[in-house]
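Got a structure here, written out as structure tokens. Questions coming.
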Amino acid sequence: MLQDVCVSDLASPIKLNGFPCKANISADFFFPGLRNPGNTNNPAGSVVTAANVDKFPSVNTLGVSIARIDYAPGGQNPPHTHPRATEIIFVLEGTLEVGFITTDNKLFTKIICKGDVFVFPRGLVHFQQNRGHGPAAVVAAFNSQLQGTQAIAMTLFGATPPVSSDILAKAFRIGNGEVDAIKAKFAQK
Amino acid sequence: MLQDVCVSDLASPIKLNGFPCKANISADFFFPGLRNPGNTNNPAGSVVTAANVDKFPSVNTLGVSIARIDYAPGGQNPPHTHPRATEIIFVLEGTLEVGFITTDNKLFTKIICKGDVFVFPRGLVHFQQNRGHGPAAVVAAFNSQLQGTQAIAMTLFGATPPVSSDILAKAFRIGNGEVDAIKAKFAQK
Amino acid sequence: MLQDVCVSDLASPIKLNGFPCKANISADFFFPGLRNPGNTNNPAGSVVTAANVDKFPSVNTLGVSIARIDYAPGGQNPPHTHPRATEIIFVLEGTLEVGFITTDNKLFTKIICKGDVFVFPRGLVHFQQNRGHGPAAVVAAFNSQLQGTQAIAMTLFGATPPVSSDILAKAFRIGNGEVDAIKAKFAQK
Amino acid sequence: MLQDVCVSDLASPIKLNGFPCKANISADFFFPGLRNPGNTNNPAGSVVTAANVDKFPSVNTLGVSIARIDYAPGGQNPPHTHPRATEIIFVLEGTLEVGFITTDNKLFTKIICKGDVFVFPRGLVHFQQNRGHGPAAVVAAFNSQLQGTQAIAMTLFGATPPVSSDILAKAFRIGNGEVDAIKAKFAQK
Amino acid sequence: MLQDVCVSDLASPIKLNGFPCKANISADFFFPGLRNPGNTNNPAGSVVTAANVDKFPSVNTLGVSIARIDYAPGGQNPPHTHPRATEIIFVLEGTLEVGFITTDNKLFTKIICKGDVFVFPRGLVHFQQNRGHGPAAVVAAFNSQLQGTQAIAMTLFGATPPVSSDILAKAFRIGNGEVDAIKAKFAQK
Amino acid sequence: MLQDVCVSDLASPIKLNGFPCKANISADFFFPGLRNPGNTNNPAGSVVTAANVDKFPSVNTLGVSIARIDYAPGGQNPPHTHPRATEIIFVLEGTLEVGFITTDNKLFTKIICKGDVFVFPRGLVHFQQNRGHGPAAVVAAFNSQLQGTQAIAMTLFGATPPVSSDILAKAFRIGNGEVDAIKAKFAQK
């Protein structure tokens, strides 16, 4: 961070690590896009509405971003990683089972409710599952302008081009047929 | 960040940049202390309830912290800086006038409402003022485990030992008597 | 990095981010433990022999570590992430299919041979599969003293305590019975 | 810092975090602009002559800058912060009262003379006041190519557009009239 | 590092710290240029074949690079520094005397063989000398996309324009004639 | 940097990257040791009086340090590197020839006088030579609490244990006898 602000110029033809800065800034630093719950009508039953640098150019070079995550009853934000950020969440409503797993395969998990805070250390696999009877929602903050997300199952079974089935079969210790069945689910997306 | 986690051992006699790690971790990474509004019955009419490393040891080495800020009607979080963090806020309820000032003395300000997001770049003077008729509250996230806060008026007029009155008089272009009157207000604290 | 070297004192009772330094250093900075292939007689058919700070204390504070990875014919280093490091490999022998997946689910893959170099960007899921008829081996370098590894299948299906089966079933879009069958494979470890 | 040097091309139309590099460098890395005292004939009785990246393009990407500060008798460098740098000063001549305030409102202050060194930690409010009978001067170095400066009184009372007077009145616990009187002083600038 | 990858666009006219990113990436992340030994027929009897960002654009922003170094019998990689990287080596073949010197003038040295690992801390003077009867080779990894190299003798005695001979004579405590004789050797290059 | 200040506790038995913090701070942040010129009666005819963390504990974690360098007529600060810092100098008195060499062996050099500023990029070989008839002096600032110094000739010819003479002979393309003669000069120290 080498100057006060650098609102990203998303229209610039120049590609670099982060974004070039807009020449003129005025109605920036504000983002209204998290006011309303997102649409959770999808297989996971949850949706992440992001205010990272791709949507909220003002955070360019500032080292933060934010999102709201909405969960239908039974919905989940499936196991995933953020390669470039720690995440800290605050529960807006509902009851969630949340957890992360360390590199020595220990699970840290907790049932959390409205007003609770939980932190997911940088790069580690983590998840949230709605365990209440109604909808749930959290605000999630990241120490990166673009945290990135790898939803594990989609990453492995829904990549383009696909990961070879025999690699996945050996990794999960299942048959090639089972791999292809899972791939079919994610290919439908 | 050199390992997965390092939950701070706040009882350790060793002082270092950050904190040593607890030997055993279990019921960590969770913080319930932001569930309820804080008490805003004070001269500013606002209160910051922090979940930084001093209160929430799990964020040690993770590069994030979070807080909730409550505002009585007419309350304000007075102009202040965070020497080590950018801040991003999400409005839980109410209507706030928020703003920050750049190093070339430009004010960026906005009236924001429930669900809105605003970002305050690292190190710059900023404030929030409740402009609604009822209470207001925000969640504030920081890209530092201990953002630090310098409330400008308290820093200058309430320091221990006090800043010399003639320095403040010259800086604000007021009389020594006016300086001492302001100091008296902050000394009451 | 605040001094020339800080060889980690692995016996110190003090836990911090990284390690305290040994008071006296002499026969350090050298590690002979990668001379010989590791034992690949395990379900994955591969083994990582690491020279990170846990085994090679000299790299403490230096921002690098190294490993050799050996693969039996058909062996794989299963899909995994390193939360804190980019990895660059050099093939010592054999023929490998390698790949990584970006956060927009694109797979970059390649067949590589003796003397080839491939790079896996920080935090992204990646893998290596021996595609030759004989053993294979690589040298892998990391820009971290302790890169950390999350082998995806073991992380999710072999954690302690276990991740709830219904969470995994929903994530992979399979039945609870299939989840438990996979868990059984990883519990045998 | 990814290459030896990157002398900033201040004429480039491209705006980014820092500056693009000049294609050809020759008579760079040298700055003669601090040879002479600056003009202290202004309300503060002091002047900062900066050799940061805006004036001395060679420091781009190098993480340092330097300035000389001159003080008339009774002059002051008023309370201010640098959002992105620690400052270390060396007294060229004269006698100064210097100080900074921590985030727990403790003042560290000292009278310093020719040849003395004092350090102001990153982001904290600090000041210098000439306490001698003649002119004073210091060399100030920063660990940033563009430290940024927020002179507190000017920032709050001289911003464009102005900060609402009621916000400042509440913050300093003074009347709106007093606020407007101070604003008038800084508006004259 | 603000996105997954940023393969450098070496043809871009824009110069910045690092490189702009290519708009389209496909057959990247792979580098075959280290397969074969380099030509060691030169005065030092060694050659560094680098896979840093200048030759292997994929490592841009990733914080790593790699090289192979080949040594004829008696060949050396002469004393040098890398201003921006720690180096870790793995011996592919042969027997080498390696060492580095700390800032308090202590030499750490070792004879290393095939399969051994040695680490050279960032910025410190170090060297490798082939002490076997046949050729030797190592793989060297760096925690920088462009480590930079200053071979001490060439830097001082072969610079353009030349360093004044009297400066070198005083530094090495030799005569101007001796300096000029050494300069002549490096000027032949 | 995770808190306002961390004045180093140089007496602590704990060794870590940097230093632990003193429990109580009071008369810190001030250093009077650069008031007077150092003694230049030595072979180089110059002396560096440092205010880095080893002598000025207050700069611990603050990312800066400072020094004064005095030069007798004809004296030099011989070619050296700082592995962890860029250096920026301000001339207090005298006339100096200064220069640094890039990793592609280009020398940037300049004659500088009282009040001039010059910058030496991080890690690169650089020097200063008094070219005036009287004494000279500079203030040098670094963006590191402990910049480290490798004076090239002393590093190579005066190390303990000594670097093998045949390695130095081959590196400088001189005879073993010449190497030993230079070593003898530096061993006298």
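In this document, chain identifiers A, B, C, D, E and F correspond to the written order of the chains, with residue numbering beginning at 1 in each.
Operating definition for what follows: a residue touches a chain if its C-beta (ideal position, glycine included) is under 8 Å from a C-beta of that chain, and two chains touch if they have at least 3 such contacts.
All figures in this text were calculated on a predicted structure; none of them were measured in a lab.
Engineer: What chains touch chain A and also chain E?
Structural biologist: Touches both chain A and chain E: C, D.
Engineer: In the chain contact graph, what is the shortest path length, in steps, from chain D to chain F?
Structural biologist: Minimum number of steps from chain D to chain F: 1.
Engineer: With centres defined as the mean C-alpha position, give me the chain B-chain E separation in Å.
Structural biologist: Each chain reduced to its C-alpha mean, chain B and chain E end up 47 Å apart.
Engineer: When the C-alpha atoms of chain C and chain E are each averaged to a single point, how far apart are the two points in Å?
Structural biologist: Between these chains, centre-to-centre, one finds 27 Å.
Engineer: What parts of chain E, by residue number, touch at least two of the other chains?
Structural biologist: 1, 4, 14, 16, 18, 83-84, 103, 121-122, 124, 148 - these are the residues of chain E that touch more than one other chain.
Engineer: So that we know how the chains sit together, what is the shape of their touch graph: line, ring, star, complete or other?
Structural biologist: It is other, because the touches fit no line, ring, star or complete pattern.
Engineer: Would you please name all pairs of chains that touch?
Structural biologist: Touch list across chains, by label: A-B, A-C, A-D, A-E, B-C, B-D, B-F, C-E, C-F, D-E, D-F, E-F.
Engineer: Under the definition above, what is the set of chain A residues touching chain B in their complex?
Structural biologist: 1, 4-5, 25, 28-36, 51, 56, 58-59, 62-66, 68, 86-88, 90, 92, 100, 102-103, 108, 110, 112-122, 124, 139, 141-143
Engineer: Where on chain D is chain E touching in the complex?
Structural biologist: 1-4, 6, 9, 14, 16, 18, 20-23, 60-61
Engineer: Taking the complex as given, what residues does chain A use to touch chain C?
Structural biologist: It is residues 43-44, 76, 78-79, 81-84, 97, 99, 101, 103, 105-107, 109, 121-125, 127, 129, 148-150, 152-164, 166-168, 170-174, 178, 181-182, 185-186 of chain A that touch chain C.
Engineer: Any idea which chain B residues touch chain F in the complex?
Structural biologist: These residues of chain B touch chain F: 14-18, 53, 83-84, 144-146, 148.
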